[in-house]
């Protein structure tokens, strides 16, 4: 469903993405690994269109999307969560989710329907809130919530936009073990036809979930295979674990 | 109109106007670049410079005004900084715009109260009255002085910014305020100094412009828009942008008036709109 | 994000009733002031929709108002078209103009957006100023008012006209409130808060901005058509950026992003200006000082501060109970 | 022309007549709306006109006979109109005096006409106001744009100038003044070699235009600028050294006493036509200048004399016993006098003033710049231009 061919991106003389090829099947859970600065977030940015690639192609469900804007790709079903919380801080959790639901349902250009009183919108909001464990915090302003809750909402925003391809950028960064467990359950509960791309540091968490693993280093794909192949790969261990430990 | 002398004179006109715009807008852009502060009262400070120079010149002659007006404006700037702007340093952008917008109202009426409603004038210094011959054409000497002064200030600012420690501090502040603070730069003091300097330059622009134009309570309003256009076209906060913006606006206005006078009023706005549509942050944004 | 709270509703009703009562008791000039306040309030309302909720500070709303006023004037005075038809066309025209300006300015942000709208507004001003047909600097007289004789209203009299202005102000508020609580309106608030995040959620941000600007142009257009009918005369001052600035000042004095605030600000400005200007010719000085003090006091504006105090007190009470 | 010996005597006459009627006058004080700009670009003009008006009223001892209500037009037509309505409908004034900007006059014309309230125009010079848009209720005691500029065409051609380059601010007054000049100048055998209309109130640097004017090789440059633009223009004209090559001429306010000192030596040698100069050597003018200077500590301008004459027209109508409506208008339009600016009367065909136009040069005097009278064109009267009263 996602097909990336020969993708390149440079910042000045620094190559941050080098000839990346990536093919992800529908329903697959793909883990992207790599040390800090390996170009994982850059790859996400290129995929969703927040950065323009220098060359290469990105296909989503057979359609070429690398010339489309961020919003157009999102409408095709690409959704992402951010490594650094990127939310509407002055709004409540429910209002945040409602914005995503509104956009997903094509209501963001409807000038009449009050989305806060719209039963179907609110249903979706509550469903997603329950999925990410925020049902009790719906009416709290984001800036009043705890960091971990914002991480949950970050994933919730992506889920609420009803994606075909869900891209999560380190959803567990900075949260405690209990919450990591929550994320694991969440991911396992998601529909099996949902394709998921996940950048993660927590190897144990990620390797359990992933169908396949791609390892980036200096912007290049240096490994691709199943979790068990990755565990055995000396290269992966050297690059990834070595860098992480240091 | 085909004779070269004509075009040389028009080019000088363009350079002169451009450099006046430069003097006016450079303070605005540096204050913005460093403090993210759009000082709409900049035009009023320019008018203040002109008014002070009229009053001082009556006693001490043109050069008295030339020296004292920028100082007086800087002093008023210090007052504004301590009273208002310091409190707004970390306030919402919009609030800064509004306070300085309010200052325009206040200044305009203070000029009316202090200097009356009747437009005033200032005589150019005898040293620079009359005309001189340059590049084979006869040109007003005072305008040549404006050109020379503008170039000197431009060079001096470029030198200060690129070659001195203060310049390095300012550039660091423009680039990343927090980082500059981490490097041990007293950001607030740099800001204060730059703000005073910007005010003094506005005052200087007022003195220099006074003998060419008339001195009126609303003179600040009428230059505020062109000055804003200059800095926005150039990219806020960038010295290079201010230079390029000044010359673009100055030349387009001059040659627009020559070639298509019926469009003269429209052309600057069209330029601004075109630049913003193509480069939404101006031609040379100070930071990416 | 917009909520039509009870506090807003009560304040709105009090304001409108107050204006209505003043029409009855304020004498001729009182009615003129009410009309003036209503028109300014409509303009300020339209500015608040984009500035307060969409984060788009506009410097071209004077031009939008003026464009509608001139369109209406040209159709009734020059072409002799019926005022009712001209009314609709003029408002459609200002809506389209605003949508276009919003669309091309949508890529810019902050001060750059302000300057872009300033540029377009001034271009409209210069175009109308330079059109000899439209009277240039001298303006254009002979603008007709709507003929409501059929429904038994003499629109030429100032009292019915003032009531019509109050009614249109209420209508404008209603439209704005309706829009702001819709999916579109909430998305607009999202644009103000975090435009990039919305884009990642699949929202065509430029189109949201353009349409919000267009809607704002519609409200400004209503104000413009009423302004043209009020004085039955139009002149280029209507289009100048200073009017846009004045509308913005009104919004700030009343309370940015409160929707009721602009009404408070407009009414306060018109009536206070009337009082001050009969004492001194330097009333700008007072407006300037008021503006500065408003910002230094927290920038919430008259109504905004009131709302803030009331909500805080209520929250505190709720906490004490809990 | 006039049957009244001096202005003072007129005032005296008026005072006596009104005084004799005083029991009656006391119960029906005439109320006057003074509608002038007190803020905005023309605030100085508004103050001058009011000063002239006050001097006349005080000299006649008539201040008590009028209720004077002042309103500020802010030089904005809609505001001017709103204030005119306020004066008529709320304050119920009997007459409105003032109006500086033609835009404001245009805005309120239909209103005063329909309301049948006399309007005594004390400045606004739009030709149409006493042309196709004239009204029996609008009487102008100031000037019309054409009236000041038409004589200059004849005179300039007559003085031997064959070619002229014309420049004016791009708005109604600029175009009207230039049209009047062009017509009479070309009719007298002159040739216009180029013309330029500069953006009104937006042009500060005239350099590009002046360079073009210079390149045209005309013998003279004829312009219309007022206020701040006049100051900038005259100074820049001089700084480019054009004054020595091609004479600078204007019909109107280019070197008005209000601005001439701000222009300084640059204004020396500029020749302009106007309906008044403070240095006119007549007893009426001397009396006026003395009274004005005594009160305000500076000499009057043409704007002050307009206010002065407006007051006298009003006083004279009161002497006729007319205090409101059409009768008052008629009385105002019958006004004639020996004004400080010379003999004046109102043209019954248009209600515009008929007056002398003075062509003078600005020269250096003992106390700053002063005027040297070159020629007087007597009793200049506009054609009706479509006016039907």
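In this document, chain identifiers A, B, C and D correspond to the written order of the chains, with residue numbering beginning at 1 in each.
Basically, a residue touches a chain if its C-beta (ideal position, glycine included) is under 8 Å from a C-beta of that chain, and two chains touch if they have at least 3 such contacts.
Fair warning: this is a prediction, and the values are worked out from it, not measured in the lab.
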Which chain has its Cα centroid closest to the overall Cα centroid? C
If I rank C-D and B-C by number of C-beta contact pairs, which comes first? B-C
Compute the distance, rounded to whole Å, between the mean C-alpha positions of chain C and chain D. 38
Distance between chain B and chain C based on Cα centroids, please, to the nearest Å. 33
In whole angstrom, the CA-centroid distance of chain A from chain B equals 48
Which integer distance in Å separates the CA centroid of chain A from that of chain D? 76
Of all residues in chain B, which are in touch with two or more distinct other chains? 112, 265
Quick check on chain C: which residues sit in contact with 2+ other chains? 129-130, 282, 284
Check the chains against each other and report every pair that touches. A-C, B-C, B-D, C-D
For a test of understanding, state which residues of chain C touch chain B in their complex under the given definition. 57, 104-105, 107-112, 114-116, 118-120, 122-123, 126-127, 129-130, 241, 245, 248-249, 252, 256, 282, 284-285, 287-292, 294-296, 299
Chain B residues within the chain D interface of the complex: 1, 3, 6, 9-10, 13-14, 16-17, 112, 116-121, 123-124, 129-131, 138-140, 142-143, 211-216, 218-219, 222-223, 253-255, 257-258, 261, 264-265
What residues of chain C sit close enough to touch chain A in their complex? 1, 178-179, 181-187, 189-190, 193-194, 196-205, 207-208, 211, 215
In the complex of these two chains, what residues of chain D are touching chain B? 39, 41, 43-44, 47, 170, 196-199, 201-205, 207-209, 211-212, 215, 227-229, 231-232, 235-236, 239-241, 258-259, 261-265
Which of the residues in chain C come into contact with chain D in the complex? 27-29, 32, 36, 129-130, 135-139, 141-142, 158, 227, 231-233, 235, 237-238, 277, 281-284
